[in-house]
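Following are the structures in question.
Consider the two complexes below, in which subunit A is the common component and subunit B and subunit C are the respective partners.
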Partner chain A sequence: MSDKVAILGVGMTKIDSAKKDQKLDDMVFEAASKALAQASLDREEIDSVVIAACDELDGRCISSMLLAMPAGAYLKDEIKVTDDGSYGVILAAMRLMTGLFDLSLVVSWCKTSEAPLSDVMSMRWDPFYHRGIGMNHITAAALMAGAYAERHGISSDIPAKVVVKNRRNGSRNLNAHLRTPVTMGEVRLSPRVSWPLRALDCAPESDGACALILASPRRAKKLKRDAVRLAGFGWAADSYYLGERMLWDSPSLRIAAGKAYGMAKIKEPVAEIDAAEISDFTSYHELLAYEGLGFCGSGQAQDLIREGITAREGGLPVNPSGGLLCSNPFTAAGLFRICEAFLQVAGKAGDHQIRGATKALAQGSAGFCAQGNAVFVLTQ
Partner chain B sequence: MQAAMAALDDAGMTMEDIEAVVYSMAPSEFLGVNEPDRWCVDAVGGRGRPFMRIHTGGATGISAAHAGFYHVASGLFDSVLVVGADKVRECRDSQQVLNTIWDPLFERQFGLTTITMAAFQAVRHMQIYGTREERMALVAVRSRGNALNNPVAHLKGRITVDDVMASPYLCWPIKKYDTCPSSAGGAAVVIVSEEKARKRCTRPAWIKACSEVANTVFLGDQMGGMAQMDFADSDILAMAAEEAYRQAGIRNPRREIQTAELYAPFTICELSMVEALGFCRKGESGRLNEEGFFSMDGGIAVNPSGGTLCANAIAITALARVCDGALQVMGKAPSGMQVRNVRHAVCTGEGGSFQFHAVMILGDDD
Partner chain C sequence: MKEMMTLKGGWNVKYNYAVGPTGTRFFKALKGEAKIIAPKCPKCGLVMLPPRSFCERCFVPIDEWVEVGMEGTIQAFTVVPVKFESLPDPPYAIAYVLLDGAGTAMVNFVKNVDLSDLRKAAKKLAIGKRVRVVFEKKRKGTIHDFHYELLKP
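What follows is the complex of A and B.
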């Protein structure tokens, strides 16, 4: 495993509905500082920084201008991606693999409480074909959810069970935004947001920042202690035009997972992976992800839920942290997934630790209906 | 899409040969579509492929090229397309957009824009080095003249120092002709592994170095007091260049570099940058420029394309620097624009409050 990039530490703010006591730069500084502390490193030792942030949600048109400094980038080689926090890890890992750098800090954040999320999302549509329809991220997700349910004849109880599972998981996670479990009845009675989605099928809007420290293979070799390795990663994009996509399937996730598994030499994901942290922007997203990640065949995600395979006690616990359904700091959500996967493999997940986890998967996604997907495999 | 196709054509490749795509997109507010990279996935062949967007303000294009290099140099990919496009004129007032780059709590209310920011640098350079407005004007004169040979430049023509001096002040001492235009355009490069390059191309431009450095946003912290630098000087560029020269094995930039494509959106930026790049001593650039050292037939031809002063489609301006630098090394620049015997071309990008500086060095086969 010594040719792999290692993860030395992570830092996360508490995820909340509105962090009124912290400016965005305070949140970013807290996350970066915590990651350095967990890795027992000084900022001076870091030689590269990758930021993953969204200008429009940060309310400034080059958000890294102010935030590169609290992210630790002063006089460092710094670069920014925008898609999702997880893409920062991809770029940082590639930079480390070139041999030009040794230690990289990856930082992502989002303060949705100060951003008109729905308006920002509506403005992501192109002005010619989509924008006039008035869709936002929720209505787009509903189209995907509806297409998936229709295609495979999924009853609304299945996604509701995903919600119950993740909210129960989230109640064990001290860092989660929503920490109260919900019942099937509560999900069924929650208001309809956009058919077939009910309010509890959808992720909340949260504030949070997180950071992670990666070491080059060269540097990782020198480490005495057992480090968590980034064994594999892959990413890909689907078409932007919803009409071009078969919304009940996620080809980009299949491609991304295929690459990550190939790199990490994983043949049977369900048997080999001990925990997965995926981007369940809605409960239906989680079901689709099971299929895209090869946890089951097409249309069979409902069986995994029925049989409790992805529950905390099951063979492949998915979102032991509670996932996005409990905490959704939008742009940073994917990096939080990787941080949580790290905690599982490092045995540092506290009350939501999956015992004996040595291999964890994380998935980040970007764009409408998970247009872009990134998959990461972390091992001991 | 046009840019992507042109780059692939030039490389003798098709989209089938491309394994991953990097999208170069700076602030989206000019275009009025948030995260427009997602919209353009299909147009640039991102569908079904690894695809990511890079955004480092004005430096975006060169950062995207760096990212393309990292894709290949990591060993994960053999061929990557780096592409982007921008239409800065689609918004009502680009400076109104650029006011929102400043921190809302401290600097935004001053009404700071990129023009007033450049004025600060100019005034500082004038105060420390006695740089005169006429000497800044001469940069515009040379750039517009060079652009006459560049078929894709936005502004070009024979102008005089008097013309620049007579152009209206936007913010003293920055005049209209000291300033880049708001442009629309696309650009793309294809970056491939060494093995592939040797098979496909008789004279590729080799990437010898990639480096970028970030500074604090706050102008007040970029000089005086505790600062380790001065706003007159592009000291961050000097840091990035030092690392790039180390990677490329360049000891004497003035002798070993034949041409430079610099992201200098204002005339003063170019004077400050050539000093930071070690082409001359601090405060010397204005005089050397007057003597023709940075002209097409001078010691180092700076911005043979006309540079950013003649075309600034922000998202790809720094990528265009890489394109133009590559053309110089490959000997493919349009006639009149081609510098003779180019062995090393240095390309730069600058973003934020002159706080992000990125350098790429392209070279021939040693």
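What follows is the complex of A and C.
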């Protein structure tokens, strides 16, 4: 019997550009209800609720006080993280591993259509040395993209191929925001937003909520059916100061992946992992993540793309759901990655299922240029 | 119901951030002496810009300062041709510059580049290119007291 935390079910709203037909709490309620339904559980059975959201993007101070209830936390011990949705799973899993809790509901959401995203992102910079120097999430990503391309001599067709791959994958995912594939020509002709990034190199801004139910090892043992296990996880944070970081490298992701692989006893990630859902906030983020996750050596992500290793049909499909380049409910993006990894291992991913997947990886990231990273390994 | 209602809202909140002794010393040198000074970690020797009162890695307080050079090398840059909410009007160029004698790069605008052609501008601003620090005539003790200019625009 496994001593690992189990995942019993997930719930996701459709990801859209603007969910004007749903109030924020209705969207959260939909995701939490769907997760409970998939796990065949009642809200009363849940003994721990973790939510992950961003007050500034929710447009409400301490938004958890409003949104804990649609997340299922009425008179329960709700607690909130604000980094990225995936960090909610870290907190929930650790609480379950203490032996004090049995069933945890993790819920995350973001309605970017309601929020001034660029405004909030520029406010994330410190007011002394960065704010007012023209930086937000896109221009910071552009600094990283340029540094990475220069360091390794990456031609612009490589990130464009990442976009084409993920958009093609997203066209199979009924839940994705952008479901139309794009050609290399369309990527090349899309306008520059911040050199060297083009509009299609960047994730869209989306609305969506998702939820996931975790069970303690003790509770999981009582289940009759086989459950998906959270075999390993790890996380790490780099310096806030971009000028102190080597922007062409992701040491925090390497450390996070090393911890997750150690816990899940993974020695050769490319050979052992069947599908990966990673935080491709831009096409360049995906390339950097291959290297941080140990899918290849430094500067070799371009080879994986050129050889089609990470395509749907390749040896290690990355972002079979289409990833963030198709759907980007900002704060919730990382928890969506874990939900998608769950669907792959549970064999429930529908048209974007990778056949026979038994081991999947999910990566969430927080902060500018993936300052913080969290890695999760899910197994049957 | 076909058409759903939306409600406009906003928040306009003011802050009064303490700059602290390290930042105050840095900004006073910028404003009063047109100098860039940087703290140096007593343990690993890293010279940090923007300045900090402690070393993140060695986790020790810093009280040693050095003056860095008025020229440096571009480590990362971007040129922004579109308007983003809360950001300056386009086009503008920014760069992380490793000033001579410093161990970490600091971001600011690069102002003497023709940005009318994005590709040409990016070529001029390439990583490794040399820039100089240019001080504003009227300085207020903020990060906007200086900007960078390419040595060979």
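Keep this in mind: the second predicted complex is superposed on the first by the 379 of 380 C-alpha atoms of A that agree within 3 Å, B and C clash if a C-alpha of one lies under 4 Å from a C-alpha of the other, contacts with A are read in each partner's own complex, and residues count from 1 in each chain.
The criterion applied here is as follows: a residue touches a chain if its C-beta (ideal position, glycine included) is under 8 Å from a C-beta of that chain, and two chains touch if they have at least 3 such contacts.
Source: prediction; values computed, not measured.
Participant: In the overlaid three-chain picture, which partner chain does A:L143 touch, first (subunit B) or second (subunit C), both, or neither?
Facilitator: In the superposition, A:L143 touches subunit C alone.
Participant: Per the contact definition in the header, classify A:K20: touching subunit B only (first), subunit C only (second), both, or neither.
Facilitator: A:K20 contacts subunit C only, not subunit B.
Participant: Now for A:A39: first (subunit B), second (subunit C), both, or neither, which partner does it touch?
Facilitator: In the superposition, A:A39 touches no partner, neither subunit B nor subunit C.
Participant: Regarding the shared-chain residue A:A370, is it in contact with subunit B (first), subunit C (second), both, or neither?
Facilitator: It touches nothing on subunit B or subunit C.
Participant: Taking the superposition as given, does A:P116 touch the first partner, subunit B, the second, subunit C, both, or neither?
Facilitator: It touches subunit C, and subunit B stays clear.
Participant: Tell me which partner A:S194 touches in the superposition: subunit B (first), subunit C (second), both or neither.
Facilitator: A:S194 contacts subunit C only, not subunit B.
Participant: Touch check for A:G132: first (subunit B), second (subunit C), both, or neither?
Facilitator: In the superposition, A:G132 touches subunit C alone.
Participant: Report the partner of subunit A that touches more of its residues: subunit B or subunit C.
Facilitator: Subunit A has more residues touched by B than by the other partner.
Participant: Determine, under the contact definition given at the top, whether A:E244 touches first (subunit B), second (subunit C), both, or neither.
Facilitator: The answer is both, since A:E244 touches subunit B and subunit C.
Participant: Enumerate the residues of subunit A that count as touching subunit B in its complex and touching subunit C in the other.
Facilitator: Correct list for subunit A: 59, 123, 127, 239, 241, 244.
Participant: Considering the complex alone, what residue numbers of subunit C touch subunit A?
Facilitator: 4, 6, 9, 11, 15, 17, 19, 23, 48-50, 56, 75-82, 84-88, 92, 94, 96, 98, 104-109, 118, 121-122, 126-127, 143-144
Participant: Inside the complex, what are the residues of subunit A that reach subunit B?
Facilitator: 23, 49, 54-56, 59-62, 64-66, 68-69, 73-83, 87, 90-91, 93-95, 97-100, 120-121, 123-127, 234-241, 244, 251-252, 255-256, 259, 366-368, 371-372
Participant: Using the touch rule from the top, collect the residues of subunit B that touch subunit A in their complex.
Facilitator: Going through subunit B, the ones touching subunit A are 21, 25-29, 32-35, 37-42, 46-57, 63, 66-67, 69-71, 73-76, 97-98, 100-105, 210-217, 236, 239, 243, 247, 351-353, 355-356.
Participant: Give the list of subunit A residues in touch with subunit C in this complex.
Facilitator: 20-21, 59, 116-119, 122-123, 127-130, 132-136, 138-139, 142-144, 146-147, 150, 191-196, 239, 241-244, 247
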